[in-house]
């Protein structure tokens, strides 16, 4: 484990935990956000019959870095009528909330920022901070558009946590653990041990679970999509109605923080879906390191598979975004309360019955 | 139905309010109507089952530029007196006939009765005629400027003798 | 406990991304619901009508381009037709055919912008770019004919500026063949998308009689179920030589006259325009395109109202001549101006997101609203 390594290196457990908690930020989230922004622009461009950024670096590879440089240099505008304290705290809260979720996500079997037993619970709890941050941003900006955007966003995120939680409970009933590392270990072996294929449950129950697991996956994917405000649920920042929702008034690095948080969130929810249903960092076909006897290779392979699956779902999110129109706010709520929650609930009951077999 | 026949019908019904049938040298003829009776004539044209002019196609104000021209030394000029006109192009979408009505008012007292009650379409067109030519539509529900700024106080730009103001809200106008 | 609630006034525009230009909407809101909408126009007022009074008749043509800048060809078409009506000019048949081809290509180009931006308003950005990709092809055809991509100054009083380039007819045929499957692509991607239908069906319903009373014309009137198209009902140029249908809204996804109908009528109209172009390209006669252009235009005293079916509706020019080389008054009856007037009525009781959906379905061009 990385934590033990740092503990030995520094001789202090506190220092070690700080370092290992910060690692994913610098090793993963920031680089990922940089790449994801570029990826989004390139993917959308190619879907739309155009090229996207081409000027900075080979095929615009350095575009995001140029953007960041621009954002750093920009003036930090705080309007007179803004509530300055809240206005300044809000981006930090949003960023911290979405970053904190990564602390409990196991990237490989040997690296997890904080291996807590209530990992899944922690992630869902900590994402509540994001909601507060967004409401703060919308209110403190003292702008009607941001307020409307924030209100929509909060209503949406809170509503969609319910189906998410129900699916999480469904998984909890089958696996009996909230520890994400354990959850992943349960799904080890080949891909038919993934939860989407009924998990490592023995006997007839496994076959019976498969359709309900697929339904559960559908529900959680749709609701996580709504929680990170992606199309077709990007109502809080609907640029054709609310200009850009709760972060309309932000500029410079504060805007960049919202932006980074958005992309970090995209990966965070994809990671949760991957861990819950697609075996987390487990390889679908076994490890090369095992077959050729190089055991140090396994964590690297695991990181590869985790990133591969996570980015796959991020790409799916992008694909949806550039294909679908946007729902209206009441239709969005209807999707949640009229369809997703009843489906998730019935699904929960049935899976509960199956696990009794 | 031809416009001549419609003129006869209107003349019989409204008498004095229908002033004359104007035959133009080129283009279209029109029926000239008293500006203070135009709403009644239009309401009749709209509701009569044989005529049934359900659609106001266009409403335009015109500065007739016919007053006494007084030229200043710097080349600018002004019309003393003169008239403004309003033209109504009507059409019936089921009877398939068209007609043009016209009405003329003195510039000093440019009062025309609004036909917004008959055709909602007239609302913005009348506001435009008020804004650009200063024709005052009586009984109009919402007679404000529409294309020019609400606080434009230098007159009505489409009049032939309109002069740009020097300043608007402290900004220099001629450039 | 009674909560103290109050209405909120939200200013949308004049720099808002979805008002399609510089339109300012003053929304009175009860939560997300619209109580009242007032539209404030005039931010793009360039005094076209005042300018025209200082121009000679041919000099007005480039100014008409700049009103409805997405349908410049049709603005020139209407102006030329009206002045010709005032003068009583006979136009060579080839010119009429060229005008019709240009007009219908322009109709497709304009509808593509309308449909694409409408998709973008609803949140689907990709159809917008697909539409612009196809529109570029039409603009290239215009460019090789007139030398300009947006403001053409091509259709003149009495003729057109220059004859068609030699390749034009072949490329137009190629475009028609290219474009037919693209309509299906747009249908698959946007028109029959469930979310898109949910957002637009039953939104902003405009009944037929109200539409006529408000003077609504064009696709908006036809979506309300009224078969009214000046190309057939008050035919001009050579439109009577072609075989085409007038699509009307049938309330397939909701109620007749809703936003989805207004959207879909435009798709159907593009198909009919393709039919007209196909026939016109086949039948176009030879001839001199500039023989009827008058050297000096000095119409007699009189007045005339000429009108054409612009992509957005009835574009009318009311010209008063005092017998000199300058028009005494040109009044433009712009379809966007007229169609926008009903906007507030359509929005009442809907939500903020629907305001955008309704405004997009009206398809206004602010250059023409404000002139």
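Points worth noting:
Letters A, B and C name the chains as they come in the text, with residue numbers starting at 1 for each one.
Here is the rule we go by: a contact is a pair of C-beta atoms (placed from the backbone, for glycine too) under 8 Å apart; a residue touches a chain by one contact, two chains touch by 3 or more.
The structure presented is a predicted model; accordingly, all values stated were derived computationally and were not measured.
Overall, the chain located most centrally, as judged by its C-alpha mean against the mean of all protein C-alpha atoms, is C.
Interface comparison, B-C versus A-C: the higher number of contacting C-beta pairs is recorded for B-C.
In whole angstrom, the spacing between the mean C-alpha positions of chain A and chain B is 64.
For this pair, chain B with chain C, the centres built from the Cα atoms lie 26 Å apart. Centre to centre, using the average C-alpha position, chain A and chain C are separated by 45 Å. Touching of two or more other chains is recorded for no residue of chain A.
Interface residues of chain B, counted against chain C in their complex, comprise 24-28, 30, 54-58, 60-63, 65, 87, 89, 93, 96, 100, 119-121, 123-125, 132, 145-149, 157-158, 160, 162.
Interface residues of chain A facing chain C in the complex, by the touch rule stated above, are 44, 47-50, 144-145, 148, 231-232, 234-235, 238-243, 322-331. Those residues of chain C lying in contact with chain A across their complex are 8, 10, 16-18, 32, 119-126, 129-130, 133, 189-190, 193, 195-196, 198-199, 351-356. Chain C makes touch with chain B in their complex at residues 41-42, 45, 47, 49-50, 53, 85-88, 210, 212-215, 226, 228, 233, 299-305, 307, 314, 316, 318-322, 328-329, 331, 333, 337-338, 341-342, 370-371.
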